Amino acid sequence: MKQKSFSWQRLVHARLFMPLVCLAVVLLANVIRTPDFFKISINNGVLYGYLIDIINRSSELVILAVGMTLATAASGGQDISVGAVMAVSAAICCQLLSGGEVSVTSLAAPIVLAALAGVLAAGLCGAFNGFLVAKLHIQPMVATLILYTAGRGIAQLVTRGQITYVRVDAYKVLGGYIGSCPIPTPVFVALIVVIIMAVILKKTALGLYLESVGNNGKASRLVGLNSALICFMAYVICSILAGIAGLVASSRIYSADANNIGLNLEMDAILAVALGGNNLGGGSFNLTGSIIGAYTIQALTTTLYAMKVSADQLPVYKAIVIVIIVILQSPVFRSLIAGMKRKRAVTVDEK
Amino acid sequence: MKSKKLSRSGLLLTITVGLFLLMYISGMLIFSDKGFAKPQMFLNLFISNAGLIVISCGLTLVMITGGIDISVGSVTALVCTVSAFMMENMGLSAVTALIASLIIGLLFGLVQGYLVSYLEIQPFIITLAGMFFARGMTAVVSTEMISIKNELFLKWAKAKIVLPFGYTNNKGVYIESYIYPTVIVALLTVVLVALMLKYTRFGRSLYAIGGNAQSAVMMGLNVRRDKFRAYVLDGFLTGLGGFLFCLNSCAGFVEQAKGLEMDAISAAVIGGTLLTGGVGGVVGTLFGVLIKGTIASLITTQGTLSSWWVRIALSALLCFFIVLQAVIGSVSAKKHGARLA
Amino acid sequence: MSQPVILTMKQISKAFPGVQALNQVDFSLRQGEIHALMGENGAGKSTLIKVLTGVYGLDQGQVWLDGKLVQIRSPKDAQAQGISTVYQEVNLCPNLTVAENLFLGRQPMKHGRIDWQETARQAGVLLQKLNIEVSPSAMLDECSLALQQMIAIARAVDMNCKILILDEPTSSLDDEEVARLFTLMRQLRQAGVGMIFVTHFLEQVYEISDRITVLRNGERVGEYETAALPRLQLVAKMMGKDFNDLAVIQAAPKGQVDPGSVPVIEAKGIAHSGTIKPFDLTIHKGEVVGLSGLLGSGRSETVRAIYGADRADQGSLKVNGRPARITQPLDAMKLGMAYLPEDRKKEGIIPELSVRENIILALQAKRGLFHLMSRKEMAEAADRYIDLLQIKTPSRETPVRSLSGGNQQKVIIGRWLLTNPDYLILDEPTRGIDIGTKTEIQKLVLELAGQGKAITFISSEIEEMLRTCSRIAVLIDGAMVGELTGAQLTQAQVMQTIAGGKTVQEDK
Amino acid sequence: MKKKMISTFLAFSMVTALLAGCGSSGSATTATTAANGASTTAAQADTTAAGAESTKADSDSGKTLTIGFSQVGAESDWRTANTESMKSTFSAENGYNLIFDDAQQKQENQITAIRNFIQQEVDYIVLAPVTETGWDTVLQEAKDAGIPVIIVDRMVNVSDDSLYTAWVGSDFELEGQKAAEWLNSFATAKGIDPSSLNIVDIQGTIGASAQIGRTKGLQDAVDKYGWNLLEATTGEFTQAKGQEVMESMLKSYDNINVVYCENDNEAFGAIDALEAAGKTVGSDIANGQVMVMSFDSTKAGLTDVLSQKITLNTECNPLHGPRVEDIIKALEAGQTVDKKKYVDESIFAVDDTVKSVTVDGNSYDVTVVTQDVIDQRAY
């Protein structure tokens, strides 16, 4: 009896427990509403179904959440400029592809080159953020507030305030399908990003370094870690991933819409990290949790859309979910509950 | 003795005020032919930003404790929409709407404050939830724009307070300078909050909490309660500021005041309040708002610039202040370090 | 000593999950006495204090103040009842002025607002009364740590405290500052304040305290008149065993050094502007060289400059005879150096990471980002040092923050031993650690020297240095004023050198 | 320390450079505007030709009119075209001094800008309002200063009509009605049973006047003709949202045959989603094609009509510049102007099945899209 309750306790306290429960609850709500929610069929040669939509649509968020997790771990703060950085990357890529025209049907530059330029620009944004955070020790939120405000301005500057269209099929691949592959490309992009990050974390000491630096920067420096460089790197990686997400978002609509690409996605990415059971104060992190968090958010969004909740009202539900989760995760709340349990146990013992 | 105190907060404030004067005076010189030198232009800074000033004051309080509140923009939208809804769709009076606004602000302050100070949840994430919640609730109240036509409300909104100077414009119309009551409320708020911060134990306690919360507990301050109160006061001021905002815009809708939280935060930061807490004040915040307003005015007056330049110029300025603060901070840290040696 | 008892704690019990921190502990304090509270780490001293100051609630027991049964709910409540505490880590607000720190939360009011003039005046009077030389309008973070401690005491005293708890107030102070603190304490004793004095320094206990209460494993061992309790007995009571280890150590052979061999470390003219003047330092294999001096004399800064924690402005460094350029700690590590920093909490442990990760971190950093150690290798390394250093931890995956201070220190030592260094810098490795572990660490130092490692040892306790070092370099105000070896290594000599370096050098 | 100082200086010089950059780039922006506007001006030659002479007369008489124009932002293609139209009409060559302010979709910014215009003593204020509401106070101030206000695009909702002089813009409800009437005529011509029309409405940003008018136009027709409106959800006027919403709707309904998009960007997204799901877009509803209807008639939108992806595209004319100029000229000449002036807007269809539609007794011709038509378009 005691043994059983103990293992249950361990399950509840496992780091992935809460994120998974959240995802399960959201998905369950869907099944009750739409019995064929999990149905996946082949339609027009591609996979088709609600689930596919959720997985496809959350790709950008997953990519952002991965970067956000690293930045959070290393600096104990969040990068709120990722949405704007997405716009910058998309703007630069599309502007190069269109050669400055508003709408083109042929490419002015090779896609790979333009995409690289977009990601590079994002990397530069990351370097700027990283410099402020790691070198000047500015609070991450404040430091990234600069690009949060300026980013879309820069993107608009690049596109001269227009929406730049690249109506070339080759450019639509990233946000669409590769040839006759039935799975949407963004899913692969997200998967590749996750796999690459997982391999990096598995095969290199980056994860340990990030956790160590995020937990105690001074001590990390004295054991030979270049704390500033590691923190800087985390921000560069975060922005590069934002750049990639920006390209995916841009490819979906084969255009650079500086005002709308990645709009409000930074908040969702932070939310994904929090939902994943990560401490927003930095230190140890859990990438899987963040990814599950990202899928949960998209599932929630899709669900609410499907339930005909107006897009404007969506935030209310998100807010409720956040509050419940952070309260459940709050150490004070947990110790409060533990205290109550103990008291109950004590009274039982006394009897 | 004074000069020592000037070391950090004083220096930052001096720079902020100096920069504001520099910008404004150069604006007056460069755009004198475009009316920039008129006193009303200066008054307009206050008229347009009355709501923001009050909201930023509230945010400054929270920031002094080392916290943050990013829900203020959404709460403003909620306040405006609820006010508009009550007056237009429910036929209630403007006074009721005002009271409702303050209550909404207070409620947000109470809940967020409780979660932040008593459950010790990070303020960023809690107020992020508050931001989502308020914005969503605004849509629940009304997805349509509501124009306020309530007589009393419009009377308040249009109640010009005429000042004894003015000018005759090119159409031969004498235009007296004026302000709205909102400006008086905003300035009164700044003065009261500044006095509170300087002359009450609660105010000093906020600085202590921001300086070192652990110490504040050990020194017998009721940190949780004072932090809670700071958030409640912030909520109240957001409600009040939201109502002032509403008096300026006379409307309520979902998209209102989007991004206002970042305006308020950057105003406070420009005004010399450190996000790490313990340093800052509302007078600086007032100047922060004025600086932002002046930049916008300069760009409007210039008249050919596209919106992205506004964003880029503002963020460059923000960047300047943030880096400046970091440098001043590290210099004083160096001093500290030298002392240890 | 027939002063009335002002505080009685009866049968105090306090349990934490898995630990009985206090078990039926009695404690009493008289008016105008300095009562030392002694015990090893984990004996229950802090818990007792925290119960008394209302940080923790108590499970059982009673607290009587001035003959009245009281309940203390919070630090504020404690203060209201006249119990104030001054901690080792000063608990004041660095962003406020001295005057404000003195009166925070109880500022003089006039017409419903704070009367700043009156605040400044009262602060001036208070500081003068206690002979604390600082301007009331100075910012606190511009004051030295000792001064901050004094200010904290001044604050406590002014709050009409009847009971003042001093929790390790002296561990960051140099002797002169300690002396000033003691003067202040005596002044307060005259004024009738009862003081509870927690410290690890036996000398200080005997210098200032009237009575001693010893705790061990959450239980009270006994209460003694200081004058009637010999030191060795006190130590024995704290350790709960016959204390022969000290003697063993004193008898241990010092490392034998071959002066002709190539020195491991040869520093020439190394300096850091503002903190240390150019100095030379040579350390051979198997040698333990102590760096002594008052706090702020540049002891830590010297080793930090060698290790690259702070970059030296000038000078040259040879490691194993070869010129070395060290710009960051990693460079030093690659040359076989290891550095155990002075401040364990801020610069030593990575609190959230596990014991395993904390142990392997330095080696991993040395190997680089792309050569991650295998899980097996990590586990083996961790287990080896947990075993070797007898680190008390539930498992190697336990977060290091939940370990006691001494065990945390051992984890850091393990971390460095794993990198197999030639040269170890130990800056205050025994600070804040119970005597048992202290001795273990001292033994270990000698053992390592025996294995041929070069060691620099820094400690505020001269006795400890004398036990371990074969040579002691003394610093004053950032300058090295002398080196003592062989027969010169006596407490008196070292003290004298610290007190006035030049005369000793002339003697040489 | 030194490094820190350097970075401070860097940051400072950055700000200075930027501020300086603002000044110089102002002219750069105008230059590009002029370049971009060249095609616009050419295309609208017919509309401006009449005004051109009188403009010259103005500049000859040496009086430069200062116009303060507060624009919503740059959120869509339509908006950019609108801005370009104003900028090219009120150019220095035409004898105007245009003070342009971009409000970045914020009403409070517009209120500030108008106050600023009043201080600058502009001759006219042109306002493209972000919102319909909330203009009472500031327009009162403009009125007190004796400055006429001309509203373009969205209407303002004020308690006192005298607060603005004139309004120029689109009748969004009429646009919706025209589209709906066309659909009715088309279905009748093709012999399609009204109850077999399964329509989804991808709405604009909820609360925007374009959304309200266009949705109402459709809704009324649905009630009138007995069509089957499956769902109406917002696509927020963006391509990405249009795509996402369409995807979701396709999962819920498998019988959609008409998609009513409330602007071109949404239509692009919807078409992508439809094609990805294996549907064919086109006008042949009877044979399983899905008809896409759209608004705005941007060049890109009309190109899609030409390629038969969009069946009907109802124009929403952004070229307000010349019309505003007409009003200003009339006012300068002391004439009275119409309080409300709707711009003429065409209907562009893929073929000539329906030649004209009738709304409220007025007949509107339907233009069949050809490459020529597209080439002549200004935006």
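Quick notes on this structure:
To keep things simple, chains are lettered A, B, C and D as they appear, and every chain counts its residues starting from 1.
Criterion: a residue touches a chain if its C-beta (ideal position, glycine included) is under 8 Å from a C-beta of that chain, and two chains touch if they have at least 3 such contacts.
In this text the structure is predicted, and so the values were computed from the model without any measurement.
Taking B-D and A-D together, the chain pair joined by more C-beta contacts is B-D. Centroid to centroid, with C-alpha atoms defining each point, chain A and chain D lie 34 Å apart. Centroid to centroid, with C-alpha atoms defining each point, chain A and chain C lie 44 Å apart.
The distance from the centre of chain A to the centre of chain B, with each centre set as the mean of the Cα atoms, comes to 31 Å. Each of residues 143, 254, 306-307, 309-312, 316, 319, 323, 326-327, 330 in chain B touches at least two other chains.
Shared interface positions of chain A, i.e. residues touching 2 or more other chains, are given as 136, 156, 161, 310, 312. Checking each pair of chains for touch leaves A-B, A-C, A-D, B-C, B-D.
Every residue of chain D that touches chain A in the complex is listed here, in rising order: 4, 7, 32, 73-77, 80, 83, 206, 231, 233-234, 236, 238-241, 243-245, 247-248, 251-252, 265, 268-269, 272, 276-279, 299-300. Interface residues of chain A facing chain B in the complex, by the touch rule stated above, are 78, 132, 136-139, 141-143, 145-150, 152-154, 156-157, 161, 267, 270-271, 274, 280-281, 310, 312-320, 322-323, 326-327, 330-333. On the chain B side of its complex with chain D, the touching residues are 34-36, 38, 40-41, 44, 47-48, 143-149, 154, 157-158, 169-173, 175, 180, 245, 247-251, 253-259, 293, 296-297, 299-307, 309-313, 316-317, 319-320, 323-324, 326-327, 330-331, 334.
Chain C contributes residues 74-76, 78-80, 85, 87, 90-97, 100-101, 104-107, 109, 113-114, 135, 137-139, 141-145, 155, 274-275, 296, 298, 301, 478 to its touches with chain B in the complex. If you check the complex, the residues on chain D that touch chain B are 1, 4-5, 7-8, 11-12, 14-15, 18-19, 22-23, 25-27, 29-30, 68, 73-74, 98-109, 111-113, 115-121, 123, 131-137, 140, 144-147, 157-159, 205-207, 212.
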